[in-house]
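Both complexes below contain chain A, partnered by chain B and then by chain C.
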Partner chain A sequence: MKIDKFDKLLGLLLASVLIALVLVLWQGSDRQAGTAKAVADRVMERELTYQARVALLQKLYGPVDELRRKGELQTALLKLDEVSRQYPGEAHGHVLQAEILHEMGVLEEALASYVAGIRLNGEYIDRKSPLSRREAISRLVTEGERDIVSRAKANPANRTLATALTNINYLKSRLAGGCE
Partner chain B sequence: MNMRDRDLWMVILSGLALGTLGVMLSVWGNPANSGICVSCFIENSAGALGLHNNPRMQYLRPELIGFLLGALASAAIGREFRSHGGSAPLLRLIAGIFLIIGCAVFIGCPIKLLLRLTAGDLTAVAGVLGLVCGVWIGIKAAVNGVELGSQRAEKTGSGLLMPFLFLLMLAFLIMRPDFINFSSQGSGAEAAPWVAALAIGFLLGGLAQRSQFCITGSIRDLIMVGLRSYMPWGLGTFLASALIVSAATGRLHLGLYGQPGAHLEHLWSFLGMLLVGWLSILLGGCPFRQLVKAGEGNTDAGLVVVGMFIGGGIAQSWGIAATAAGVSMYGKAAVLAGLAFVLVVSLLFRKRGTL
Partner chain C sequence: MSVCNMLHKNSASLKALTQLLITLLCTFGLSGCNFKQERKVMKIGYMICNSEQETIARFAPLTRYLSDKTGVEFVPVPVDTADFEGRFQKGEFALTHGNSLLYVILRENHGLQLLASEKRGHFGSRTAGAIIARKGGGITKLTDIRGKRMVFGPMLAPTGYLAEYDLMLRSGIDPERDLAYYAIPPGSYKHEKLIYAVLYGQFDVAAAPMLDLETMVKEGKIAADDFVILAQTPVIPYCTFGAAKETDPKLVAKIRQALMELTPETAVDVAGERIKVLKAAWVDGFEELQDSDFNPIREMAKRVNMPPYAKY
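Let's turn to the complex of A and B:
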């Protein structure tokens, strides 16, 4: 390959641009502390948002939890309904509802509420999340399999049981992991 | 069949490595049944690059980078690196989008399809049937004159663009600049140690480049020439090794219900994989093979890869990707749009009177 003047000019320009790039990156690394701070700020911001969310959930759903602790499950459900009307897209309401219904022994509805909650926010099934309800969900799925599967097989035309079975399968699949 | 042929053993070695390491990556931290899933990895990487905002699906998967760079290294060593392309580039880019859409509706690429099957996931059967049908239709279309046109040699630099972009992604993975997203929850946060994942990707990319092994190519050869081709032997080794390793590591759970990353809408699993099989024959390889070819300097495959990244972003942002809850209306519409696309392409790119 023959190198002419134009090639040399292009080569020179390329070298200049590469040097400029290195300088820009070098300057950037001088400001590494700044970048690290930006990353730290972002992590902190995310953490603050998360903490704020948890605090807000506690504040919003605190009265429901209080009633639940007192054993006033029906009243807790009514209170929950009231709160959920204000925040219909919040997964936590569905999860709390599932927990209350599970305590009341209403398995089918509890399953449906967990499914609604997890479809809105998968955090409730994660192992590491502070909001995780993984163990409670596993327990409910085991109970559901024991109770609902046999009934669904005996009554194949029963749509409520069929839906409950679909919900069990969904929760089992989410508990098993895999890509989402 | 010549048992002393090095090519045969290279194909078998590729199948063995893909099956074994595909399961082991899951054992070492990747999501269940997703030790290797090119489409899931592309969705994760698209999210990491900011092409979608699902915070649970964002991670620059090192395996993807390894596949392409491993293929580049192997092609360079074997003096097979050759910049070439120019065969219906825009069409290939769009086909790349639909390739990922088909995978997203099934939840997995052809490699993951078989990993799911060998882990006992019976919902994958519909996908296998769909993939085989898609490949069969693709072969029939090719026999009847459907082809995207010939490629031509290009300047060396154009074939190096994709490897350069993937090297840049490797730099992003290592340096973690603040504009790259990394999930802290969900399947995007589940990952094997990145150095191991990169090394395995590099090895598999290199082996696949040497052997030309790919899942849809093996099915194509099986349909067209049977066991006289080496590829089906690689496929058999892949299936056997994945099954054995799944069983040995306690990951074999035979059943239809409660499988990880699976849904029960079998018709859409079938159609999603049919689309992937058909497109793979039209484009000359499954998503994995497109990455390998892009590493060999094939700029057309490079455009398919770019399309796959766009598809990864779209699949998540537009709610096309299926979940354990099933396939959304958008997902169903996208698969049908993909089938319409490949049908129109078949009509427009057909050389008539070739038979």
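Let's turn to the complex of A and C:
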């Protein structure tokens, strides 16, 4: 069999295609590795930010928690006011206030504080989050339903009770997985 | 001749037209005046907290807002707490804005109707009183206050006097016998004065409204760590709007609705200035309470022998 110029040219072309294919595949695997690395980096960054946030919250609100543990609820609220001067829009402050008010039996204001906190940051209702307050919120919703629903039914024109009821329903929907 | 006649006729018709215009203007002008005169005028008695000027500055925008919303011309009247019942009884004002003890007094003695209550601070339309001492001053619990110097707020203050006095009686401490001495600060800003009086050592303990402690901490005037809260009273309603019992029920409903509709953005024009109503009044909003929400105050007033249940 004779190999002519045309065959050589075809062979050369075939070899070029094969080399190009190898190169493309090699680059693709490299890019995949790069993407995987970037995703890993992002997850790591997010985790680091999250850890830093949790550590910062613990540091900032630590004195409030300490006062709560000692049962000095009123002083804890005052301490919270102090912290809130520096971080007025922080969801954690609203959530802590809700917990303290709940402990003090001030249900309507506790509900309003939880709603304010969760509207700012949904993590507090998330079952998997270390910041989750899901159980405490469920307890408050149950208590609120017991106390407020009957009063709201007895006074249908009362707008304050209607607002409390709206807050209960909002928390119930978030507990059930509803979004903002 | 005909030209003269024409001129004469024209001037006559011009005169008639002018007369007609003047008559019309007068009629519209007078009817305008009559319209203003026909707008009902009602007075709102506002309990003075610190001074007349401050009270008017706080509540003039709210009064303007209520006028705009109801079509009634409301006029603010600053009233000293001690004169409040007497002036209300004389009919000097039909609407009231005062503390929750004043509401109970006017309700029991004159059938005042509850309109809406102010929201401010952690507990919304309610707040509490506290007995405080300076941190590091050696007083750490309520029983330590026996034989100490104490400062109270004004006598008709629900969370600056009544609630703490009641708390002490319920804890077995008689302020008349078990303290070395007690006083009430003179002049305005009584609640702030008594908090500072404890901070700077003029008195050992004070009856402080939680709302004032909250506000002073928020404003950076004091720190939460400066004080020990020895005891806290139950949470009771705060300042409240009321209406005389003979007030038109439709107007009562309108005023209540207007108060409930207020948002932080609601603004009115007062003396050429656009002012946010709630911010000017130092209020977060309004709530509809029920008369039964004031029962804890009634019980306190009975135990402390204060109006409207005082017996001599």
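Keep this in mind: the second predicted complex is superposed on the first by the 145 of 180 C-alpha atoms of A that agree within 3 Å, B and C clash if a C-alpha of one lies under 4 Å from a C-alpha of the other, contacts with A are read in each partner's own complex, and residues count from 1 in each chain.
In this section, contacts are C-beta pairs under 8 Å (C-beta built on N, C-alpha and C of every residue); 3 or more make two chains touch, one makes a residue touch a chain.
This one's a predicted model, so the numbers in the text were calculated from it and none came from an experiment.
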Which of chain B and chain C A:Met104 touches, first, second, both or neither
second
Tell me which partner A:Leu77 touches in the superposition: chain B (first), chain C (second), both or neither.
second
Which of the two partners, first being chain B and second being chain C, lies in contact with A:Arg85: first, second, both, or neither?
second
Is A:Arg159 touching the first partner chain B, the second partner chain C, both, or neither of them?
second
Look at A:Ile3 in the shared chain and tell me whether it touches chain B only, chain C only, both, or neither; answer first, second, both or neither.
neither
Which residues of chain C touch chain A once you look at their complex with the stated criterion?
122-126, 128, 130, 210, 213-214, 217-218, 220, 223-225, 227-229, 232, 235, 260, 287-290
Which of the residues in chain A come into contact with chain B in the complex?
35, 38-39, 42, 46, 115, 119, 122-123, 126, 128-129, 166, 168-170, 172-180
Going by the contact rule set out above, which residues of chain A touch chain C in the complex?
72, 74-75, 77-79, 81-82, 84-85, 97, 101, 104, 106, 108-109, 112, 155, 158-161
Residue numbers of chain B touching chain A in their complex, please.
31-34, 37, 40, 43, 56-57, 107-108, 176-178, 184-187, 190, 253, 257-264, 323-325
